[in-house]
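Order of writing sets the labels: A, B, C and D. Residues in every chain begin at 1.
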Amino acid sequence: MAGSTLGTIFKITTWGESHGKALGVVIDGCPAGLPLDEGQIQAFLNRRKPGQTAIATPRKEDDSVKILSGIFEGKTTGAPISMMVENNSQRSHDYSQIASCYRPGHADFTFDEKYGFRDYRGGGRSSGRETIGRVAAGAVASLILKQMGIQLTTFTRSIGPISISEERFDPECIRSTPTAMPDPIASKEAEAYLKESMAAFDSVGGVIECRVTGLPTGLGDPVFEKLDANLAKAFVSVGAVKAFEIGEGCHASRLRGSENNDGFTIEEGKITKVTNHSGGTLGGISDGSPLLLRAYIKPTPSIFSPQQTVNSKKEEVTINIKGRHDPIIVPRAVVVIEAMAALTLMDALLLNMTAKLDSVVNFYKN
Amino acid sequence: MAGSTLGTIFKITTWGESHGKALGVVIDGCPAGLPLDEGQIQAFLNRRKPGQTAIATPRKEDDSVKILSGIFEGKTTGAPISMMVENNSQRSHDYSQIASCYRPGHADFTFDEKYGFRDYRGGGRSSGRETIGRVAAGAVASLILKQMGIQLTTFTRSIGPISISEERFDPECIRSTPTAMPDPIASKEAEAYLKESMAAFDSVGGVIECRVTGLPTGLGDPVFEKLDANLAKAFVSVGAVKAFEIGEGCHASRLRGSENNDGFTIEEGKITKVTNHSGGTLGGISDGSPLLLRAYIKPTPSIFSPQQTVNSKKEEVTINIKGRHDPIIVPRAVVVIEAMAALTLMDALLLNMTAKLDSVVNFYKN
Amino acid sequence: MAGSTLGTIFKITTWGESHGKALGVVIDGCPAGLPLDEGQIQAFLNRRKPGQTAIATPRKEDDSVKILSGIFEGKTTGAPISMMVENNSQRSHDYSQIASCYRPGHADFTFDEKYGFRDYRGGGRSSGRETIGRVAAGAVASLILKQMGIQLTTFTRSIGPISISEERFDPECIRSTPTAMPDPIASKEAEAYLKESMAAFDSVGGVIECRVTGLPTGLGDPVFEKLDANLAKAFVSVGAVKAFEIGEGCHASRLRGSENNDGFTIEEGKITKVTNHSGGTLGGISDGSPLLLRAYIKPTPSIFSPQQTVNSKKEEVTINIKGRHDPIIVPRAVVVIEAMAALTLMDALLLNMTAKLDSVVNFYKN
Amino acid sequence: MAGSTLGTIFKITTWGESHGKALGVVIDGCPAGLPLDEGQIQAFLNRRKPGQTAIATPRKEDDSVKILSGIFEGKTTGAPISMMVENNSQRSHDYSQIASCYRPGHADFTFDEKYGFRDYRGGGRSSGRETIGRVAAGAVASLILKQMGIQLTTFTRSIGPISISEERFDPECIRSTPTAMPDPIASKEAEAYLKESMAAFDSVGGVIECRVTGLPTGLGDPVFEKLDANLAKAFVSVGAVKAFEIGEGCHASRLRGSENNDGFTIEEGKITKVTNHSGGTLGGISDGSPLLLRAYIKPTPSIFSPQQTVNSKKEEVTINIKGRHDPIIVPRAVVVIEAMAALTLMDALLLNMTAKLDSVVNFYKN
């Protein structure tokens, strides 16, 4: 198993390497009848494009998506949706150094150990370019979620030590700041911090937050297929994510029960929680409150200072990474995290339809 | 899907409710030839038994395991291993209050929303007793891992604000302190903190850490089936876990690349990392370093103070939970987290055997 | 993988060996709200009980089912339904001969090759008793199908060379003839044939047919998850089944297109097929016509004449099988085939609910 | 779920419609290190190409395959192998008739029922062109099987009433006769039969047989994942297959135990069966004998005579199918059936590696 398939009903399979002919994704199990065109997918892909700001790699990646199957007369047919991005803009490089050396913080060593050799060009299969397939599929899921009144808001919560302020939170800024922060003042501070780090030939980590509103109750299954468990897997499956939190997250471990419990109340005739420490699930099932999710991202491992490492001949060497690498992964990864949330929620929405026998019987009566 | 099955090759299915006739697990896909008896499973189950210390519920749960299938002449046969614990010691209770009320922090409300009604006795399917099946299955996985030289050390890292000290770390203490802390001084402090909290009719959260040594390189698959992604799912699928970390975890988001990268070196002829900020994986594949994993656990939601809530008729009510609940989940959950790690690693070990064509061809040559 | 789990949403896991402590099944993913008690399951299990007629083994098997979880206040809760039959009536035997010998037509040799050894008592995991779990789970599926107006009629179509006559077809007879034939005259002939075969210490094969009416259109998915493909797998997974047919089956290979095609017409305002050569599916999706399915069953491999074989020391030996074996598997396997059909249809019914986006959107609107 | 993914370890996902931009397949889980190029895949695809003989459609399909990922320096890397065939040669058609009418024997009606509408151009997703992905993936599986000494021989066993003679069996003829029959005399007769049928504007069915030699013992798992059960699913998932047989197949139902059982003997120090009525499996696990498998194929549903049908407005109409359809599916489907066998065996080979604990322990020792 190479592990490139995710989901039970809404199932995606990504393929492609950084410097291969193309990268893509197949969505199997998308319900029939969704209006879909390439422009809608492209809008999501453009959010992960590099070369757009001073704090991202100046590398150009065109990343123009083609839909190859699964659409007829402008709508999904229920058949697999195959989408592809051709690798037109990969520069030809001198890979002699990384071909034999193991870059610290990268998967070079583990790929060689697992498979016996690796496609070393630009990180091969473990490149961030693999997320193109995730984002394209996530776009389709997001369009369905949107049609159902489910809204995902994903943004950079912090960069290094600089965090956004809840008071200044402005979702409109997410797409306008280069940091994807919803707080222009924090964003400016973060940009300054980043520039300082770039001047030191170093890189920086950060935190991405995803908030989901409008979600129905009942999503997720008890025991192993808890909604938060699948969100944890989906987020941590993104290359550089080192921690996952829901609701109070780590902080819950320091609270008392009386502080962390969310009382229930009635609001407009509906049962609702007074607070949302839980972050939108109880017992692994969505409770109707907003989902509050966070992914903690490590600093880009490719830095421009000399690093100690070894090569595949087991010789100690010093590596000097060259190329055009992002000094921070976070802003470009925002849409990747959003895609992973959308995919997980989409699958949970479809799986939840069979929970009650009444629903099943009624479905076939009509 | 009720979500009670986990794993691809080493696949487990748990069943049972808190106050039903029995709880159990079926392991399908355990390799044939492992010596196994009930005593070995019982030893693991005893680690999650309540009623053993002053800081756990005085409730007695006998939890005596029977193996019903899959063993012949003292060894696993490759057939499913069915294990069962009968519910002998459940007191008969007055459930009239929780039958209609939604306890804050519990899954009562979401179960009703999802399934239309619920088994309210002792939490039903979402009770902590569900983990009996996980621990019994985890025991089997652990026995195999042990045979392969893989060692799991799992312990309480902190309780509320009190953390262990790395300097005083003594693995021998994990089983002897009531807190499962490997540091007797921190354990004493934590006990005092817990007693104070119990006196206030309140509960406390904490952190569990799991360290794995002796793991071969190559476990985990790129993209969605990363080893850390599956560990995240496994951990967050345990009821009260609100966050997952590997290696530097959340802290990585505040580090620079030069601080977080682990250089490689040669030690005794083997490639190894100089540091282990990554926590044992690179690109989602085990790198031969120890796995460093943490689960953040919320305070027990059942507290003995009045709480605001609603009932299923949408009336606001005050609930006073009675019964014998743990003031903290953490010490008893240590073996549950260890079980989840063992199960995830076991499946990854089996899945990794097909990564190289050479290995496959050689396997069938011999 | 030991292969004991079947299904995507309505998922079953069987466990147990012929002479172990018990056998059972866990159903995960049964919708909540189905009224269910042990008597309903027992009625299905009784149909596969031996010792009931002159043409079945005189062996007594009590096979009394217990439901251990998943039911509350008489209804399924959505949690796993664990069911168990204890092995009370297994005689203690002298197994020294079959412990080392490979019985022709049995799985003894292949189990040893695959797992290195085997539980040889009564066939171990490959015993027909394994189907107890299938039938218990199939009973639950059948109860849901019945509630939806879907009717399964399963019967013995032929025994050795003797087939039923369509003209004399009387479904009432299926449960009253010892052969499970819906034709009392053919049944008498078959009994005579069987007695003759038993007198010759030999065994006999036959054909089971399953007809399903009331099935909605749309079940099954294109490509690999065709409804007939999954029915084929389900049927051939039953021990002695050597062939599977749908509709014209083998015979279709000798027909011309003009003979085999089913024209469409309008009947009571509904599109329907004029004929049903296809057997109820088109392109792997149910077409609203009755499903017509057949399983071809080999003669019982345990015969009471000496047979040439080898032992595990690679010595040629003659084996004389003793015990109380059925001279024919077919009548007792009728309910097993019906169970496999019911399980496959149940899963397909649940999976089909997400085919159209409209259905999904409407589901969550209400 | 649209059902386009097959396999547990060696997992394939096909996509594409008859007249879309392209069709393809992603293989996930192919072991690393297999030398692979497009020419090897093309050789398999050429075996299903139309337009090559007088008894196939004169339609030209170029079907030129591109490998888009998963290969580096001429070998598989363990990453997904994405393969694509562009649809260059689809004629532009007048689809007004089949857009609204339901062709007898086709999936038009069931697709509309399931998904609400369909891509009607050339059969859309249920076209035979979907098998391009299966054959391309099957080619990869076959190359690995070949390297392991496993040989698949697949051929036309009969066309309408004309069957090959075992005495004249010549495997060399399979690729040289237009019928794919390994018997030139039967092939000539079949050609005459086909021409007669074509002259009557009618179509013909037939039988494909697949024989596999060199297979190790131990493949397949007891219970639901029996090797023959998965082969049955794989074969019946091919569009026009109406029956599946292994070994004696249907005929076994008429045999006595003494006739159908295969005795064991010792040959060259190895345990082997004296006969092979079972067709290569016992208890669902490969027994070291050749696999003997048969698929029964219905006549092509597209015939050139007027047929009674209805349209989507529920009006009865007469349809006259035009176009360039094969008068028989069988010869072109031979390579499809072989691909399905190869894929199923490949997955079973990989899954079997974890059956014994010794093998697992030894694997990680080396």
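Here, contacts are C-beta pairs under 8 Å (C-beta built on N, C-alpha and C of every residue); 3 or more make two chains touch, one makes a residue touch a chain.
Source: prediction; values computed, not measured.
A.B. asks: Give me the step distance from chain A to chain C, shortest route via touching chains only.
C.D. replies: The least step count works out to 1.
A.B. asks: Please identify the chain with the largest separation between its CA centroid and the CA centroid of chain A.
C.D. replies: Farthest by centroid: C.
A.B. asks: At what distance in angstrom does the C-alpha mean of chain D lie from that of chain A?
C.D. replies: 38
A.B. asks: Roughly how far is chain A from chain B, going centre to centre by Cα mean, in whole Å?
C.D. replies: That gives a centre separation of 26 Å.
A.B. asks: Where in chain D do residues touch at least two different other chains?
C.D. replies: In chain D, residues 1-5, 8-9, 14, 29, 32-33, 78-79, 114-116, 125, 222, 351, 354-356, 358 touch at least two other chains, as defined above.
A.B. asks: Which part of chain D faces chain A closely enough to touch in the complex?
C.D. replies: Spelled out, the residues of chain D in touch with chain A are 1-5, 8-9, 11, 13-17, 20-24, 26, 28-30, 32-33, 66-70, 72-73, 75, 77-82, 84, 114-119, 121, 124-125.
A.B. asks: Considering the complex alone, what residue numbers of chain D touch chain C?
C.D. replies: Spelled out, the residues of chain D in touch with chain C are 1-6, 8, 14, 102, 104-111, 113-116, 125-126, 130, 158, 160-161, 197, 200, 202-207, 217-218, 220-226, 228-237, 239, 242-250, 252-266, 269, 271, 274, 278-279, 281-288, 296-303, 305, 307-310, 314-316, 351-352, 354-356, 358.
A.B. asks: Considering only the defined contacts, which chain D positions touch chain B in the complex?
C.D. replies: 8-9, 29, 31-34, 76, 78-79, 144, 147-148, 216, 222, 349-351, 353-361, 363-364
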